[in-house]
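For reference, chains read A, B, C and D in written order, and residue numbers begin at 1 within each chain.
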Amino acid sequence: MSYEIKTGKEQAAPILWTGDFYNEGTGSGDIFDTLKEECGVFGVFGHPEAASMSYYGLHALQHRGEESAGICVANGRDFNYHRGMGLVKEVFDKDKIASLVGDMSIGHVRYSTSGDSRLTNAQPLVFKYRDGDLAIATNGNIVNEPLIRKQLEQGGSIFQTTSDTEVLAHLIARSQKDFVEATKDALQQLVGGFAFLLMTNDKLIVASDPHGLRPLVMGQLGEAYVFASESCALEVIGAKLVRDIEPGELLVLDKDGLREDRFAEPKRKALCAMEYIYFARPDSDLNGSNLHSARKRMGSRMALEAFVDADIVTGVPDSSISAAIGFAEQTGIPYELGLIKNKYTGRTFIQPSQELREQGVKMKLSAVRRVVEGQRVVMIDDSIVRGTTSRRIVNLLREAGALEVHVRITSPPFKNPCFYGIDTPDRRELIASYKSIQEMCEEINADSLAFLSPEGLIQSIGGYNSDDYKGGLCLSCFDNDYPTQVDFGGEEKDGCSC
Amino acid sequence: MSYEIKTGKEQAAPILWTGDFYNEGTGSGDIFDTLKEECGVFGVFGHPEAASMSYYGLHALQHRGEESAGICVANGRDFNYHRGMGLVKEVFDKDKIASLVGDMSIGHVRYSTSGDSRLTNAQPLVFKYRDGDLAIATNGNIVNEPLIRKQLEQGGSIFQTTSDTEVLAHLIARSQKDFVEATKDALQQLVGGFAFLLMTNDKLIVASDPHGLRPLVMGQLGEAYVFASESCALEVIGAKLVRDIEPGELLVLDKDGLREDRFAEPKRKALCAMEYIYFARPDSDLNGSNLHSARKRMGSRMALEAFVDADIVTGVPDSSISAAIGFAEQTGIPYELGLIKNKYTGRTFIQPSQELREQGVKMKLSAVRRVVEGQRVVMIDDSIVRGTTSRRIVNLLREAGALEVHVRITSPPFKNPCFYGIDTPDRRELIASYKSIQEMCEEINADSLAFLSPEGLIQSIGGYNSDDYKGGLCLSCFDNDYPTQVDFGGEEKDGCSC
Amino acid sequence: MSYEIKTGKEQAAPILWTGDFYNEGTGSGDIFDTLKEECGVFGVFGHPEAASMSYYGLHALQHRGEESAGICVANGRDFNYHRGMGLVKEVFDKDKIASLVGDMSIGHVRYSTSGDSRLTNAQPLVFKYRDGDLAIATNGNIVNEPLIRKQLEQGGSIFQTTSDTEVLAHLIARSQKDFVEATKDALQQLVGGFAFLLMTNDKLIVASDPHGLRPLVMGQLGEAYVFASESCALEVIGAKLVRDIEPGELLVLDKDGLREDRFAEPKRKALCAMEYIYFARPDSDLNGSNLHSARKRMGSRMALEAFVDADIVTGVPDSSISAAIGFAEQTGIPYELGLIKNKYTGRTFIQPSQELREQGVKMKLSAVRRVVEGQRVVMIDDSIVRGTTSRRIVNLLREAGALEVHVRITSPPFKNPCFYGIDTPDRRELIASYKSIQEMCEEINADSLAFLSPEGLIQSIGGYNSDDYKGGLCLSCFDNDYPTQVDFGGEEKDGCSC
Amino acid sequence: MSYEIKTGKEQAAPILWTGDFYNEGTGSGDIFDTLKEECGVFGVFGHPEAASMSYYGLHALQHRGEESAGICVANGRDFNYHRGMGLVKEVFDKDKIASLVGDMSIGHVRYSTSGDSRLTNAQPLVFKYRDGDLAIATNGNIVNEPLIRKQLEQGGSIFQTTSDTEVLAHLIARSQKDFVEATKDALQQLVGGFAFLLMTNDKLIVASDPHGLRPLVMGQLGEAYVFASESCALEVIGAKLVRDIEPGELLVLDKDGLREDRFAEPKRKALCAMEYIYFARPDSDLNGSNLHSARKRMGSRMALEAFVDADIVTGVPDSSISAAIGFAEQTGIPYELGLIKNKYTGRTFIQPSQELREQGVKMKLSAVRRVVEGQRVVMIDDSIVRGTTSRRIVNLLREAGALEVHVRITSPPFKNPCFYGIDTPDRRELIASYKSIQEMCEEINADSLAFLSPEGLIQSIGGYNSDDYKGGLCLSCFDNDYPTQVDFGGEEKDGCSC
């Protein structure tokens, strides 16, 4: 049986291979860094301690980017900002936060890639232009950025970063209109998935792409407005979640308060499904769904679509714990701690050499021998990217004495690159794009492998009007149905360049 | 109904108040640092990469002490060692590990207290004495250390640290016997709970107090022997768990291999129950019980002893997640992520000011509004120390909209200080020592409060021959029944001074 | 007698007040940071270890800027660069230097100001533009930069730094010509004093303003060419000094070797006299004069112009030691170590509070009591800026027991701001601009004060054809005779913004 | 002519070879680290800001030890102390100094050796013993320390450091007498050269060995007493130099004020001559002589003993600048800056590889080509240790074009190891111990070489009653006449182990 993704209103067919050598595996981005986080933004309007609020807010968004952090505050006269490489708590100390005086601010945490982790790319980017100071923080990716950049260069523009944000600044600066109109014009030229925070000395602008591909929420804290990539960052400062920013929406906050506007008509709502599956924090709500609960439902649904009899259920930490508990609740198979992640690893940790790994030295993840020994194990994971990581985890379980390892992935097979802010490998490296489920199952050394169906995923996430096309989600990495144009004659860009 | 701890073979009476205003709360050591970790030790004999093995082993024991770390290696001629303040990954880098050449080593991680966190106290302590080099690493506390120290000072000894370890070194150095006999003599003078690793240029000695109060396990890695406070440190380097060190046992490892000896007759086995309840890592095994599984059983048992109808069960992370899952499995009430801990906090994190906290800025822990709002919540925690932390967590849940908060503590009321290595507040600060369960319930603002009975605890832990007195556990912090003499006329010491 | 600066071919009149209460004082830039260093540049073409050479070269130029350092290397395909805050040795380590592979490079050290010491201003600045990569390092100041910047902003340009360098990049990018011609066009629009190094993937351009205001020398190291702000940076890597770059000259280095060109006709040669007086290292040669020797001659000349009988001569370290030795040689009064500077101070040094200073705690500079006690002291210094520092030093000598303190300044009174790269205070703060020499003498509490005459300065520096107007020097800070237009209708800028 | 050191009252014979190929070379400790600094101590009694005073005082003594620094303060109840690796300004920050509250303190800076630069050796060492707290800071070396240490170990003592200080603490602790008497007893057992500061909660003890081998001065700052290795540390905090501590003297400071006592009869006064020649700061006074002035006299005397006609005189920085100026004043040959030291080098500086050095990359020291080219140069240095450094410096001058290089060393040939606190190489590595002056001259590639005679040295230093044997100096490194017993049957120790 060859695998085929069913979408739309058709009946869900569990993506399951039950032949000789069963089925599928997992990526576990947070363990082996296969999928990269894609930045977080945080904005404050009208709070006297905007920098402190940003510090705690960005800290709550830290999982979205561990490479660099920055905060820029405005006080009506000028900007003060600080950016640095590292975690929020490493980049800022009390003195630095105290020096950032102002009641309006935008902040950013940035993910890490090997090639381009320069401080110059740390956001918010800050510019001087005709009308004064301008700061921008972004999450997402502009697909046609290379084309626009080329045009700007032809027109004599210079670039100091590789960030999409700089392109936006150029477009605004070159417009002859006022700041708000110039920003609208500029945004209309962009194709992609993005959430932008822009700040001048007296205005804060908040915008989301016409498909709402990247998450962005608004909260209130007393009289102040707060904006964040995820609601967990509101909760941590005691702010109340008001609503999600709409596709194509553009909010302007200034001395006249909040003005709701838009730079584009909303198109098909298509929030990134991977936010639900893997990226967002379990205590965040997106479009009315709590993430932990949604993941539990994915696990439950998985149990219905591809039940397997076993002794214990375990999840690959941290992202698949919720789903594993859901699978256990649905099946009655006890949830156990079969895998454990060492929470103390990080940049400065000495990774074991290949030789030591072969001698048995574990990396960030260990199997718990007494729990899995002699057991038939259901291992829940969120995705399989290249397959190598899944194979390693399955083998960890086997070496710890698991009799059987049944892998259940709470998403459909990952076959297509993301153009909207997630840093994915080349399509040729995506195992699901060139192997059948059976082949993948063999490759990762599992006893069986199954993926959640797209329908299962959509229904688990819920929170959307069921009339929305594909539940209001972008499933392009699974089904190749991109909400925007993604081919610009070779001048397009995938991944993330915020 | 006044609370009364039942022990021995009597029938378990659930420690539950169900009056008007119900019952009890929790300490959550890992969240608010009320109970301090108490050091971890790691030893290697006969492995050419002893320092690397120690690095990974100590890293797995990091939860037992985040303040300082150290490794001393021997190569038959001299010692090389390095100690520093901070996490294992901060204290050591590749060059430092590479410089520690030798096939025998002892290492240590130390917990943090405010008063005495000096580098001079970082272990292993290294001494020169008549017979050459001596290094010692300890976990535990010697109750009569002040008395011995005073005697040594009267005899002209000087002390450079406040560590028990230095006392042991003096006793050994002052003996006229050979190293092994001198060590036995010295250990016999000590009263308390301790696990010691001692190393000379050609010998490694491993010893546990006569009650086996502190955990200490032996593993094998090929021809090499490995010793650790917890089995998780064996697993991470691929070593096989052989057995727990026995009460009063003393192992000698040298060119003649491993010799099993003892310095004292074993007394009542009394392994620290708090290791099961809170300290040890869930993937460790102690005396044949996996910690995660034991905690799940505590949660299950709790459900039987003090069931309460509710909509969701949540655990205070990280230590009470396992128990909460057990409670949920037993009751069918779904386990949900009602509380979440921010994994990025740490030394350099700027703690919110009291003023900011009052404005709603959360610390390390947040309640997940969408999960708890409008729900009746069972909150599982491991212990209540002063009660202030429990009150804060209950209030977090209420502020997030919980209708009811029923607190279930997976241990009996904590009423007595520890003399064997856990840094507890003064008895007068232990809320259970001066308040009834009803009063505590009110104090922490819960709808009901219950504690696990001692019998429930003992049976949940299991792993011991049921004939062992109190299941082979030390329950003195609950029942005031200390396995050793603890009163030395004012010259005794509680807490931890490794 | 009122003070009057004599210039040109007139007879030198020593600038000396010998009334009741004598005369003048000093600034001592290196001690109390009144005058700021003004950046150093270093370039390499055709050396396989360009980054290493740059490291040592920039290190030799460290006195020109302690705030930030950076190196960008080219290898024919792309750029690799690293910049950071701090000293060269702090910004770079072995790994970083090793990662900068290429045979062409430009580097920079930047001085420190309080207001704008951001990493974003650290050079070399690196840009992408139509034709590829572009890196620029600058020393100096463009007087009409604000005007050009304004025009560029009107044309839609954005700026990320406050550096002049960014303006140059914009001008080049907006030109339709090829790189070399575009650079020439751009440079022609600039008014000021500057030394520029520009690098693309295949070309290095070296340029000096039409007056040659800032120093820039060329050296050879085997087949490689090396460029530096001062010759000491050539010496340290074993390169041979070839010559100084000429006013208006533009050198192009590429696969065809070195091509000598110019972007402007040379105008009146006007090398900054303060380089000789204070900034440049004593072991550097500028225009054929060794700096130490020139300073000795200034001291000698000073002795002739304003002799005073005394017991000892001392110099304010480090910059005035050479002059003090010259004064001593000329007069026979012994040179003694009356003042000493603590070489270990630096950024992290805790400056004594005002209260401690009043209690006698010395800063970086101390008087040596046994040397000065009971002595009549000639104190040689290079300049007086605000007068406060001179007063402090004179008082240090008096407190140490000096009977008399005669201050001799080896430059004319400093009366006018610099527009060409030296960060001077506002004219109103320059004590010489509003006080007579007699008043200054009183203000700094000296027994007598004299300044070197402009003629004396010119003749001491020597090294120029005597036919050159004002010895080929810019003396504008003394005589208000600026070589370029400095008034652009309020859109001009003084100081330094490299 | 074979070289022979003349001592005592005999007529000075200049140590000069003037044969065909002349003579001798130099050590230049501060440039190439051949001779090691030997620690500095600083004590305060009765000042409310004892820690701040110590910070500035130790900073002024930084040249005596760059490896580690520490301060311990007493406040009548307990000690507070902080020690760390690095410079004073690196080890301490404002918060640390502010936390060291007390009006009595002792501090220490420690020199750097490769082998044993452990933090555990950082001073002050702090002990607990029978009578309470004890802190000790030392400069010097105890020759019979190994013997005492062995006896103590036989008696059951343990040692945690390799410092002499720990031996002293043991001896005091083992005495049955009160603290002051116990200290006296202990000091009487020590043979060597040492300056000790000891502190309890209510007493400060200051002591110097019976020959006064190491410098130690007393000052007053208002009502407070201050003690330091050199007077420059008094000057910097505004304290007045009172006097040098006498040989065998022991001062006790407590609530009854200052009591002058002694633990031993004074023996032949023998202050280390190398302090005058090289170690001490030029602005310090020792025994009434200012160091800069003494060094100038050495240069003058050298000119008389071994004049050579030349064009310029230059000194090896920093230690020989003063002597070079003296030589120039005496001879009329101008002093020029022929050699320059880069002040920015330090621990983190990347030393050029051998290959780069051969290509001409200079280390810390450069010759100034324009100054020395075509000149006959007199190069003044303080000592020759192995000869390799002298050869390098001579060659630097030759490569820069010097026609002749005449080396003049302002001390006699260095032939014998130091037992009193200076870290010297093995005797077999001391070039003067196995080569004639002619051979040394050839070895270092000089045109002529001369050493200052012992008489010349003694008379230059002056400041002592001429009746004192050898001018009250220890010249043992030159003449093998050690003031104390230095042979303890193989149980002695040379160098420095403070």
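We adopt the following convention: a contact is a pair of C-beta atoms (placed from the backbone, for glycine too) under 8 Å apart; a residue touches a chain by one contact, two chains touch by 3 or more.
The UniProt protein names, listed by chain, are A, B, C, D = Amidophosphoribosyltransferase.
These numbers come from a predicted model, not from an experiment.
**Student:** Keeping to the contact definition above, tell me which chains border both chain B and chain D.
**Tutor:** A chain counts here if it touches both chain B and chain D, and no chain qualifies.
**Student:** From chain D, which chain is the farthest off, judged by mean CA positions?
**Tutor:** Centroid comparison gives A as the farthest chain from chain D.
**Student:** Over half of interface residue numbers shared between chain C and chain D means same, under half means different, so which is it?
**Tutor:** At the contact between chain C and chain D, which are copies of one sequence, the residues are largely the same (over half shared).
**Student:** Just how far, in Å, is the C-alpha centre of chain D from the one of chain A?
**Tutor:** 62
**Student:** What is the distance in Å between the mean C-alpha positions of chain C and chain D?
**Tutor:** 37
**Student:** CA centre of chain A versus CA centre of chain C: separation in Å?
**Tutor:** 50
**Student:** Could you say which residues in chain B touch two or more other chains, in rising order?
**Tutor:** Where chain B is concerned, no single residue meets two or more other chains.
**Student:** Which two-chain combinations touch?
**Tutor:** Here the touching chain pairs work out to A-B, A-C, B-D, C-D.
**Student:** Enumerate the contact residues on chain B facing chain D in the complex.
**Tutor:** Against chain D, chain B makes touches at 119-120, 125-130, 134, 153-154, 156-160, 166, 169-170, 173-175.
**Student:** Please output the residues of chain D touching chain C within their complex, sorted ascending.
**Tutor:** 49, 52-53, 55-56, 59-60, 62-63, 87-90, 92-94, 97, 221, 232, 235-239, 241, 281-283, 285, 290, 292-293, 296, 322, 325, 328-329, 334-337, 340, 342-346, 348-350, 352, 356, 359-362, 366-371
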